[in-house]
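Before I ask anything, let me first share the structure, which is written out below as structure tokens.
As written, the chains take the letters A, B, C and D, and residue 1 is the first residue of each chain.
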């Protein structure tokens, strides 16, 4: 176990990345602890009559010199909507850092990072932190259509960007697992993925069949986020495990998929 | 019964009158119905996790040409606090107009208007609307100390202003009923009062003893504000009456005080 | 066009949304806002044989997502209703249902017999679940024998639609539901309020004059929903569901759990238009989901 | 300095604020945030004789001012606890109380006997009120004979402080409280969760894998408070109150209603610091009101 905090962060930036995704940058009053890709925070939704529990969001970026941390919040329901209405100077109460991160790749690994929906943030964080040469990193992002993709061109320096859209308006048409990259999936030593349940399962299925190392990040519903409620469980080879403490990142070998 | 509405008003002004009283001016999209002094509105407190029911506030001013209505909100607890944080352009959902107004004085009446705490608003509204010459109107306002009084000098044109404070920092020292005006209370044909329960009872006691016509406005807790819940009752000569429909203004003869 | 009609025994409702007893007065106040003819039905304020002053002030306390009330059946008695109120409201274009109360079986019978004479009252709701009166009320609704007795005796004198309103303050609500079904109830409505309490920690006093009162509002919805589902699976008569319904989604949840119709209570205090907004919302839901008739929703929760 | 100490039977608590079972794991997770030695006591996660996987996902649904859970007593069994967890936590500077569960009286006895051997466990809480398991659990706590039987048998094998945790899903909680008091319970704690249900109206499915689950949080506070007050007036043993406590004012309300100590549950999910903030808030309240000892609050509601 490691030290965790409950802190009021100050909103220093809230930018609409597209119609449904917002980049929220948060300033801490004190030095931030180490936070790794795949870890998440649990966010209080203030001033909302309907929302009782916190909402979990992956960390997207950390700047230890500025003491800032950023999240990408996609509007799904009432809580995420409310969060995207935050204004500069507002405070947001956060429990952090939570969960286990992705395992870092080895120096010579060739990796595929797959992100979809609200799963883009940790993948970009991992791309940045992977320490690999650009040539060895493929980043594959999936969405419904062009407008649902956010602009990630900054990340071209960390890896080769690939896209799928369900309507074919950007990149290849179809789901991420339909992308031509999957024709040579054995080129990769490691696959990392974060996104909707169905996407994770599709990726895991192929990785399993091809015997490629694969870590996925899950998004089960949470009440506490730090291991005391046992609500967020996933059946694994070791029994029901809480994804908030034993995950959200799992090697697919551990899962029952 | 008369037509009532539920409407989203737009906040066009929110001014701090002192540290705990705010003047909130609200714009209606449509022509306002007639609203008389003593009538009130029931205000939804948005974006507050703790608040479930509406909060009643007396109407302070109506401008039928501008379609605006103003309230004076005094911070008492969580709901009133939240309302005073409203910003220009915010919308506030209001059920109105509610309750019965004060009876208007006759042309030659000499009247005393007594306001305390959150009861100042309807008294000033009545002063303005009374139709009397200034000489026949005395306005007596009570508060704990000078800082708790709001600046009502504008109303000097409608009546003579008198003050009491508990610490003597403005006007006469003591409660309103200690004011020297009460030494010649029989000079008045009519007393109108709005304020805390204890103040209303003290005023009513004297008026009753001296046989002076007196109307008081009550502030019982309300759930609905329009007569369906029967929560806001006051025991009267006619049995338990809802102050939201049969009041909030009562002639003290009707009450059991 | 989707079909919103539902049937409770012989009672045809143009839509499944009614207002709950004690939260819509005798309907007149609502007419200040809109035409109550839009509603599926209207449950009138609880009525007793004689005048009742109700409990002392304060009668209300706000709670988290809900409120406590201790009104205690304030009403002027059935005769006053018949003479003064009924003539004014009888032609509202929606079924008016009298909520019948008593402290003895005889009182329930006496009120029912008088209501039976009123042409424009097609049904009664027998309230055996009021937690805010000392005698009668809830005490009838928390044990099978007393619930059976009052239902049986009232059934004897009443031929129109008899709805019995159940208390949630019981270990097993299905037992009570089955008991009143066995005595001829045409429908059960649930839930009435939960017995609760609120305290002012600063003054160290109860917030209600009666110490305890009835809890209503969204706070109770999960429990009410569970009870409707249990009762739906236990009886054959139609179930009328309520407890914290604030919007169309809530109403639909109750219907999926087994309610043929719903009642909206405390929500009216927040906004008197909520019942009509719910009717509209249900209509939109049915269109969006391509469901032709609202009655197809009843009990069709997928397990 | 005000005195925050309270006593539950032989158990001395440095303050009246404990964490509720199932909402603070085996205490270790809380130590990531603060020193749990500050707490009045710590109720450990419900433990059974054998490993239990608990119920399937989803186990949680958010509701108005509350939540439903259907965890179903997931735990690795008492032996695993004794061998692996107990050694790690036994020296936390606060009383650790095991929440004992079973599907038969024999299982309750077996778990209790094993706990009895643990020096650093000064008390058990007999959970006869879990609504999330098929056999045992709540079924013991909703009828007097079964509540009596399990209390009596456990009492026979256990000399330390025996707390019995009551279910609120009953018609009259005072009867059950009196029944377990009669069989030697040293204290009663209440309330466990209310049986509730939640539905996804769009998908027309229950939100919990088990359909029904247990409701907790501020939504239930008014009912829990009423039950604590009723039980306080019905028994002589100390009452431990809980249900929706979110802040010091809530905790004080429970004590005014008759609780000698309180447990904080769901609030921990909102903020793990709430229990320690409550301790501080109670201290400030006592100072502000010039009350020397927190125990003076117990049951001193002015009527």
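Quick note on the criterion: a residue touches a chain if its C-beta (ideal position, glycine included) is under 8 Å from a C-beta of that chain, and two chains touch if they have at least 3 such contacts.
What you are looking at is a predicted structure, and each value in this text was computed from that prediction instead of being measured.
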Length of the shortest touching-chain route, chain B through to chain C: 1
Neighbouring chains common to chain B and chain D, by label: A, C
Of all other chains, the one whose Cα centre sits farthest from chain D: B
Distance from chain D to chain C - Cα centre to Cα centre, in angstrom: 34
Chain A and chain B, separation of their C-alpha mean positions in angstrom: 55
Approximate Å spacing (C-alpha centroids) for the pair chain A, chain D: 36
Rounded Å distance between chain A and chain C, as computed from the means of their C-alpha atoms: 48
Residues of chain C whose C-beta touches two or more other chains: 63-66, 217
For chain A, residues contacting two or more additional chains: 49, 51
Chain-level touch network, classified as line, ring, star, complete or other: ring
Complete list of chain pairs which touch one another: A-B, A-D, B-C, C-D
Touching residues (chain side chain C, partner chain B) in the complex: 22-25, 28-33, 45, 51, 53-54, 57-60, 62-67, 69, 71, 74, 217, 266, 268-273
Touching residues on chain A, where the partner in the complex is chain D: 1-6, 44, 50-54, 93, 95, 220-235, 239-240, 245
Chain A-facing residues of chain B, complex: 46-49, 51
Chain C partner contacts - residues on chain D that touch it in the complex: 63-66, 68, 142-143, 169-171, 194-199, 201, 203-206, 211-212, 215, 217-223, 225-226, 229, 244, 249-250, 252-253, 256-257, 285, 300-303
